[in-house]
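You will see two complexes here that share chain A, one where it goes with chain B and one where it goes with chain C.
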Partner chain A sequence: MHSAVYKVGLHYLSWDISGGNARCIAMLQAFQEVVKDYSTPPENTLNRDMTAQISSYVSFLIECRPLSISMGNAIRFVKNRIAKLPITLSESEAKASLHSDIERFINEKIIGADTVIVEHAVTKIRDGDVLLTYGSSTVIEMILVHAHELGKKFRVFVVDSRPKLQGKLLLRRLIKRGINCTYTHITAISYIMHQVTKVFLGASSVFSNGTVYSRVGTACVAMVANAFRVPVLVCCEAYKFHEKVQLDYSICSNELGDPNAISKVHGREDINYLNGLTNNAKLKFLNLMYDATPSDYISMIITDYGMVPPTSVPVIVREYQKEHLLQSSKIVI
Partner chain B sequence: MPDVQSTVVEFVNKLRKRKIEGSQATAKYTVELLRSVISHQRVPHANQAAALIDAVKAVGEQLIAANPVELAVGNVVRRVLHIIREEDLSLTTAAMGGLDLLDASDDDDVDNCKGIGFPAMSAAVVAAAARSTLRPPSLQTLLEGTPESATVPYTSSSGADSESKSKSADKSSLTRKLKHDVIEGVNQLIQEIAGCHEQIAEQAIEHIHQNEVILTLGSSRTVLEFLCAAKEKKRSFRVFVAEGAPRYQGHLLAKELVARGLQTTVITDSAVFAMISRVNMVIIGAHAVMANGGVIGPVGVNMAALAAQKHAVPFVVLAGSHKLCPLYPHNPEVLLNELRSPSELLDFGEFSDCLDFGAGSGSLQVVNPTFDYVPPNLVSLFITDTGGHNPSYMYRLIADYYSADDLVM
Partner chain C sequence: MIFLEKATVYYLQFFHFEEFSQEKKKSMWRRSPSFILDERRSSNSPPMADTTRGPFQNPDSISAYYQTRAAHHGVITSDWLAQAQAAVGGVSGDAQHDLSVTDLGNEKSFNVIEEFNNWRKQPDLAEAVAAIRALAAVIRASEASTMMELEIELKKASDTLKSWDKTSISLTAGCDLFIRYVTRTSALEYEDFNSAKSRLLERAEKFGEISCKARRIIAMLSQDFIFDGCTILVHGLSRVVLEILKTAAQNNKLFRVLCTEGRPDGTGVLLSSELSKLDIPVKLLLDSAVAYSMDEVDMVFVGADGVVESGGIINMMGTYQIALVAHSMNKPVYVAAESYKFARLYPLDQKDMAPALRPIEFGVKIPTKVEVERSARDYTPPQYLTLLFTDLGVLSPSVVSDELIQLYL
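Coming up: the complex of A and B.
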């Protein structure tokens, strides 16, 4: 077991690293360390042995926390690159090529994609806007900070939900940047939606039928915004798109969080009603991590390929895959 | 009178400080207080109903002003006013019948005439009651401002002193009878409020079926009794309870459900949409039901109603008749809402290191509302103590409980 992979796994376990992009970058950087320290055993080929090693490391990471779809796509990219390595390359050349491929993936598909998304999304923010965002999303934070730096005058509603309360982290960062914020829980979404002019949401993935897979509660926010005729803009990098089609992701492939996080209310002992009841056979706690937002709730998906309606997601998926095939052809040539 | 006045002041203070929690408890206290007011009120010989109405209105306005968001107070005041008007109309009709009997009778045929008069009197009372509830306020009534109670037509008698004395005795007994009847009506209202849980719970067997999954929000005793009644009838079903942050009323309800032996699962508020596709029915208690069929409920309930509509899941509202409110919800999210302390969301001082005023940091507001408004098109069914009703029927139900003259106080 490589120490870099082990370290990343522990970060996943303790939730020090969370979020699709952060986890993906950490995993890819760990793989870069693996590639750097790799040496081919005498009786095996580099392609086959490295693929097997990567697979075992992925199994370990899945044990720490199930993969996000962005990580799954990144792993497929790495394995595809390993399989495509010419046999004629020496070990050091192959390792250097693989290392630079991963580096380019991080810089272009994740960090560069965020920059493009920010440039697109900022054009949708006008003076006097009241924006709403849910939870904590890195790309949404970048959009709001950049709009603020451009001198636009707007307010932000930060909507949060138990038990992770990640919106507080975003709230702290936005206030330090000088952005006027209002904080509330998701139960009050109907109360504040009258004032909102636009909703910006991050996403863990977008499926081929336009369904947005994101942190649990995103569907509620988009649904209430749709009921109040407020446009919903989803910001998602193209490498997170998936050709899968799913109508109701909430039960089939969801991830479960710690059930005891629901029964415990931190910092307020007076309303810890369920304290001491966690062992009751009649009482269960269900802590879902993700939900699926139907495509009819979404006005626009902002991605590094442009701003598209949900119906255009399969086109982007196809273009994304075609781009990789062309690169493979070039390498072969 | 000073005793009643101090009770009123004490109750007003409790309402203003939000010491009484829950619509049913508030309605109970209000109706008992109004019974004391009526009992101690000294009524004149003429226009007894008007005097009672004015006294109840004066106290009612104080109570409503103390807590405008608790609509059960206004509902109960209007119900009591309606009882007074109905009893006055009933007695007026009976008095007319009695006078006719007295005028038409002679000594030999007294018993026969009374026997004949009874069915006519009953029919007249029923017709008058129906007209009273349905009659809109006429322009003449509004302009003149005369009280609705019809005065007894007094004809000067040329009879002997004994006849005048008997009429005076009749009038005195009518006065005492009106107050007595009003207090009896108020007592019935008290029993109705106290027993609305049982009436609603009796209907649980018709709506909850075997192996169903029920989703509920908030902490409502009506919902608790409803679900437990279905459990007692050997219905095996599961209950999903949204936790209702930041007040965690769902935790409270889940604790009580588990104590009664129901299979309960607590979910986060954000997971309502995710779980709604696996739910057979959403059942909530209401804070108030408005004249258009809209519902004021615990915060987060509109989100659940929208999700239920999206997934074609029935959305059922349980409400006692004391929660029916004759007001129309103009801008209900603001006017019929109450903002609670921000410290339930963010601790005091938690963000003080970020909020360095004057140094270019942004401002921070925290929004913590208590109620949500659900429009009537999202509600599938109302279950009240008189049975199940469509939202479009609520205005008619409200017409049965309130007089048109009392809608604006």
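Coming up: the complex of A and C.
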């Protein structure tokens, strides 16, 4: 077990690193360390052995916390690059090539993509806007900060929900920048929605039929916004898109969190009304991580390929894959 | 007694407003029927007055695109003449500015704006085609010796054209389309410079033919949707829609056309005149008579100034209203638009576009305190549109984004 991978896994386990992009970058950087320290066993080929190693590391990471779709796509990318390494390359050349491929993926598909998304999204923010965002999303924060730097005058509703209360972290960062904020819980959303002019949401993934897969509660926010005729803008990098189609809120592909987090209040150990019931066979605590928002409730998806309607996700997926094939053919040349 | 009651109500309203802060007054204004009283108070308050007047658009700015359309359609009013003269002064100023910029860039006295204006004067020539013709002239006049230099010059000329009239979507789309073609061609094929240059010129010349051909293709595609005995509602004077109706008449189809009046341009009057020459039965409607007449309508045909990424369209003011009425009464709305009008824009609402203003004449003197909505166009979201007839085929609105993605990526 490589120490870099082990370290990242522990961060996942303790939720020190959370969020699709952050987890993905941490994993890829760990893989870069693996590549740097790698040496091929005498009786094996680099392609086959490295792929097997990566697979075992992925299994370990899954044990720490199930993969996000962005991580799955990134892993597929890495394995694809390994498989396509020419046999004629020396070990050091192969390692350098792989390292730079991963570096480019991080810079172009994640960091660069966010930059493009921010540039598109700020064009939709104008003076006097009241924006609503839910939970904490890195790209949404970047958008709000950039719009503020451009001198736009707007207010932000930060909507939060238990048990993670991640909106607090976003709130703190926005206030530090001098942005005018209001903080509330998701239970109050129908009351405040009439003031809102736009809703910005992050996403863990977008499926082929335009369904947005994101932190639990997102669908609720989008539906309330739709009922009030407020546009819902989803910001998601193209590398997080998935060919899968999801038609309902199936639990079978959701991630379960710590059930005890539901019954307790963080920082208030004295409040534990359900303490005596945790062993009751007739009571189950359900702590879901994700939900799915149908495309009907989404006005626009902002991605590094531009601003598109939810119906165009399959084309983005196809162009994204085509781009990778082109890169492959270039490398072959 | 009645007078006393009225006075009491008035006094209570007045007293009521004193209780509220400025912030609440603003939110109250939106819901309160007492907006007259509120406005009177706000006019006495200088800060409020400044706030309310600040975001208003400059009422004197006129979209050059709509001036051209008005000139083409022969609609001349005294108001329009006066403002056109003022605008000509402004345009001259812009032209001078652009000329100096172009001089600095190219060290030559070629002016892309002048070239574009010359092409624009032809009534049958689409603005996108005029833009591409102007860019072709840039290629001809260019003394660049490499493709890279030529691309840079074209990009500069394209940006100049687009900034000349920011409100014109087809101008922007035409420029983007041509630049995209240039960059794609030079990237994909490694020819020598001169043959590449002549190929670009050839392509630009053919684009005008594409435009006319596009209209004919669209007209042919639309025939399947026009059946004998149908009634068609038309809004705006679109060359493509006119071509569709003309072709249907030539195919001996029997149908009736309802035209909206199309104030303040009177486009409906012109269209009905054209249609009557073709012996097509036509009825002219007041713009406000659309809902009244919608039950006799079988389908709605509109053109488009621009087709945007969401699949919606930007078109002459009133299109959105008609689409809403048609949608609520289950009448199909068909949009006829050439594919070069597809633009990578994604409006969220009506105010999400650069306003294209035009002069409006009411026939009587309008007091200076009265504000007039002068926007010339609106945005119709895709859910109110049934199909788009384009030279790429008959498309559902959701396919527009797919076409744009494949074109620009």
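Going forward, the second predicted complex is superposed on the first by the 324 of 333 C-alpha atoms of A that agree within 3 Å, B and C clash if a C-alpha of one lies under 4 Å from a C-alpha of the other, contacts with A are read in each partner's own complex, and residues count from 1 in each chain.
Following the convention adopted for this analysis, contacts are C-beta pairs under 8 Å (C-beta built on N, C-alpha and C of every residue); 3 or more make two chains touch, one makes a residue touch a chain.
Remember, predicted model here, so these are calculated numbers, not experimental data.
> Aligned on chain A, chain B and chain C: do they clash or fit?
Once chain A is superposed (C-alpha atoms), there is room for both chain B and chain C without a clash.
> I want to verify one number. Taking the Cα centroids, what angle sits at chain A between chain B and chain C, in steps of 10 degrees?
Placing chain A at the corner, the angle measures out to 80 degrees.
> Which partner does A:312 contact after superposing on A: first (chain B), second (chain C), both, neither?
Second partner only.
> Look at A:119 in the shared chain and tell me whether it touches chain B only, chain C only, both, or neither; answer first, second, both or neither.
Neither partner.
> Touching A:182, do we find chain B (first), chain C (second), both, or neither?
A:182: touches chain B, not chain C.
> Considering only touches as defined above, state whether A:192 meets chain B (first), chain C (second), both or neither.
A:192 sits against chain B, while chain C stays out of touch.
> Counting residues of chain A touched by each partner, does chain B or chain C come out ahead?
The larger set of chain A residues in touch belongs to B.
> Could you say whether A:254 touches chain B, chain C, both of them, or neither, answering first, second, both or neither?
Touch status of A:254: first partner only.
> Would you check which partner chain A:243 touches, where first means chain B only, second means chain C only, and both and neither mean what they say?
Neither: A:243 stays clear of chain B and chain C.
> Give, as a whole number of angstrom, the minimum Cα separation of chain B and chain C in the superposed three-chain arrangement.
Superposed on chain A, the two chains' closest C-alpha atoms are separated by 10 Å.
> Which chain A residues come up in both lists, the one for chain B and the one for chain C?
none
> Which chain A residues qualify as touching chain C in the complex?
124, 127, 198, 231, 233, 299-300, 305-309, 311-312, 315-316, 319
> Spell out the residues on chain A that touch chain B in their complex, using ranges where they run on.
Touching chain B from chain A are residues 160-163, 168, 171-172, 174-192, 194, 215-217, 219-220, 223-224, 227, 248, 250-251, 254, 262-263, 265, 267, 271, 273-274, 277, 280, 282-288, 290-292, 294.
> Which part of chain C faces chain A closely enough to touch in the complex?
55, 309-311, 344, 346, 348-349, 352, 382, 398, 401-402, 404-406, 408-409
> State the interface residues of chain B toward chain A in the complex, per the touch definition above.
240, 243-248, 251-252, 254-255, 258, 261-275, 277-278, 299-300, 302-303, 306-307, 310, 333, 337, 345-347, 351, 354-355, 360-369, 372-373
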